[in-house]
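In what follows, a structure is listed as structure tokens, so that the remarks can point back to it.
Read from first to last, the chains carry the letters A, B and C; within each, the first residue is number 1.
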């Protein structure tokens, strides 16, 4: 424990800015992964245990695309589009077979894919740590805000994630597809009775969730090291986020992700070894006081 | 004697049970009727502890049970069966009965003996005989017919030797013939077991033929109580029924 | 089809006498199994085989205790592995730091587990399904993080190193592999016997009722919360015993013992073997360990192969191996009955 470091940081504006920014990017990446999880749970009532793998694939796709083309934009596109296709295939070919079955069976299928995907990545890209490297366009002098260092890439990352959140929120609230998805979450029988193809919606939601996680992975690729199994810690943290925010709530995912981001960022100063423990502790406290999460609907 | 005193419960401003005061004398057979949404099931849920009343008392032989948990209330002698048969799908009829007696004898958490316990056998056997389920003892509950599942639900309540038995629509989801068989069974049980029985029923032919006492609920209030003849002539009741749904059973 | 039903057939009135003989019969079977296991080294003196059985004992106790929660009570715990880790670390630390005799450390570790499980269980069992799963997982990770960060006590990510002292007691020397083997077999057989007793006791049927329909159970006078807490704590004790065997076996304790993957493997073992029979998890344990060992030997991509096997069970069979066997047997018997 190092409470002096924490209080020292809280007193300095430079440190405050740096840690807050770092909390923001952790939170934003988590949000992109968690919102897919929460969406899939909300519509399909499936806890996608293999969701972290999409994050991992997003990062690896982006790295490979960047190495071949040198274009950062193309790398992001490949990361997002590749995982969207992967999500669609995964849902249509495998998950759709276990919807009626026990929750445990669904979890097992996901667990199997966690193992398989990690090994597939090891086969293709090798077991060692990889790095995509910061694109040239962002290798510029960092910004100084109130004395704190903020790399410009962080601003882009936060911007992209917030834009995605806004498009998603507006899309679900305002568009026809959004309405259909919300209706499917509420009453799947009714939606299929109205002649809407629920299989298409389910596949679409999985693809969307996969795409968002892939985008997060792609965005993270320049600033994190890539390794098989990298999806898992993200997955666990996204679970915490969705559970804190309330399963099925997008706003909850955003707030939960930011909270966890800040806990990680500031916690690493005060409790360097117990940072993860802090998150779990926080989750326990939230769930004990509000069993359905901060923004979850009360179930009678 | 079960005495309900000023029992009230509202859900977000809607008064589902509104200041209900009622007496059920020992050994009585009472039908609770009322249009859909009259608060009949809420009334049962309050008495059995599934819901906590906002106000009022539920006195069983003078002891107030209002606000207690379902297990406590059951142990004081108020048993219930559900509108949709509430059973244990993977247990057999016999296991269900034996386990229920076990619970009633406060042996549900016994670890050092084997199930079933010898002392639970006679009561379980008795309940199965009473409801005609003995021949189906080794069938799992999930494989029983709808009617048998309803009987098993009632048997589950009855095997606990309740003082008061609450039956929420024992004839729900049955054809005419099956309804009559079921209600005859309920009447038999009432006569032979000498317990207080309160049941909710929609079929007015059944109600007026079977129930010596009738309670009419409407919008959470008691509209009328009394013998079938009195209820049949009650202006308010006719108004309530004719006003909402014209029912063949009510004729002036 | 339940076990009781299968055993009884249609003769209902013979129930109570059978109940007693069934327990005596189980005790005899347990004794016989123990004797066979204990004599195994005289026939096969392979060190590998003994190691394998010891690992089966550790994981088998853990997985079977998880089935008391998942299969019998319908409580899907994602954090049951925390008690496995707690057992390993509790026992290892007790032996390293205090130097008390082995049996005393064993009992003390179970006592600590009891208290921890009581506190965590009291918080968790009131939560509904998926939330119960996640909060147990969170507690598991909390314990794991604590182990990692409390370096002065636990050795952090290095684990408890330097070996666990195992002073001989009553002529039993657990640092001798043969002695450890026999002791593990004894713990396994006793543990399984006790858990089978729990499953077949009136309380075991209370658990089945809660799994099937908790609301109805409360309306026949069962205190659901208390029953769930009781089985949560009991299962924790057996999981902890598994952890103790593991600590004795590797003469140490590592953070992986408390990591969530232990819980994941436990659930997987249960699915592999099947949750509707008592011995399903034991069969699953043996299967998974054999699978793990062979796959690790044959290929580097051990997750890939394991994943495909899991998929086969989850999508192809849709049930555990023992469930499959039991159903197949029942169908065959029914088929024969119809023909005859």
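The working rule: a residue touches a chain if its C-beta (ideal position, glycine included) is under 8 Å from a C-beta of that chain, and two chains touch if they have at least 3 such contacts.
The model shown is predicted, which means the values in this text are computed figures rather than measured ones.
Trainee: What is the set of chains touching both chain A and chain C?
Mentor: none
Trainee: Taking every chain's C-alpha mean, which one sits closest to the mean of all protein C-alpha atoms?
Mentor: Smallest centre-to-centre distance to the global C-alpha mean: chain C.
Trainee: Among all other chains, pick the one whose mean CA position is farthest from the mean CA position of chain B.
Mentor: If we average the C-alpha coordinates per chain, A ends up farthest from chain B.
Trainee: Between chain A and chain C, what is the separation of their C-alpha centroids in Å?
Mentor: Roughly 34 Å, centre to centre.
Trainee: Quick one: chain A and chain B, Cα centre-to-centre, how many Å?
Mentor: Roughly 51 Å, centre to centre.
Trainee: Any idea how many Å lie between the Cα centroids of chain B and chain C?
Mentor: A distance of 42 Å separates the two centres.
Trainee: Would you please write down the residue numbers of chain B that are in contact with two or more other chains?
Mentor: Correct list: empty.
Trainee: Applying the document's contact rule, which stretches of chain C touch chain B when the two form their complex?
Mentor: For this pair, the touching residues of chain C are 1-2, 4-5, 8-10, 12-13, 15-16, 19-20, 22-23, 197-198, 200-206, 208-209, 211-213, 215-224, 226-227, 230.
Trainee: Given the complex with chain C, which residues does chain A contribute to the contact?
Mentor: Listed in rising order, the residues are 47, 94, 97-98, 101, 103-105, 107-109, 111-116, 118-120, 122-123, 236, 239-240, 243, 247, 271, 273-274, 276-277, 280-281, 283-284, 287-288, 291-292, 299.
Trainee: Residues of chain C touching chain A in their complex?
Mentor: 70, 76, 123, 126-131, 134-135, 137-139, 141-142, 145-146, 148-149, 151, 156, 260, 264, 267-268, 270-271, 275, 301-304, 306-308, 310-311, 313-315, 318
Trainee: Could you pull out which chain B residues touch chain C in their complex?
Mentor: 48, 50, 69-71, 74-75, 79-80, 82, 86-92, 94-95, 98-100, 102-104, 107-118, 121, 125, 137-138, 140, 156-157, 160
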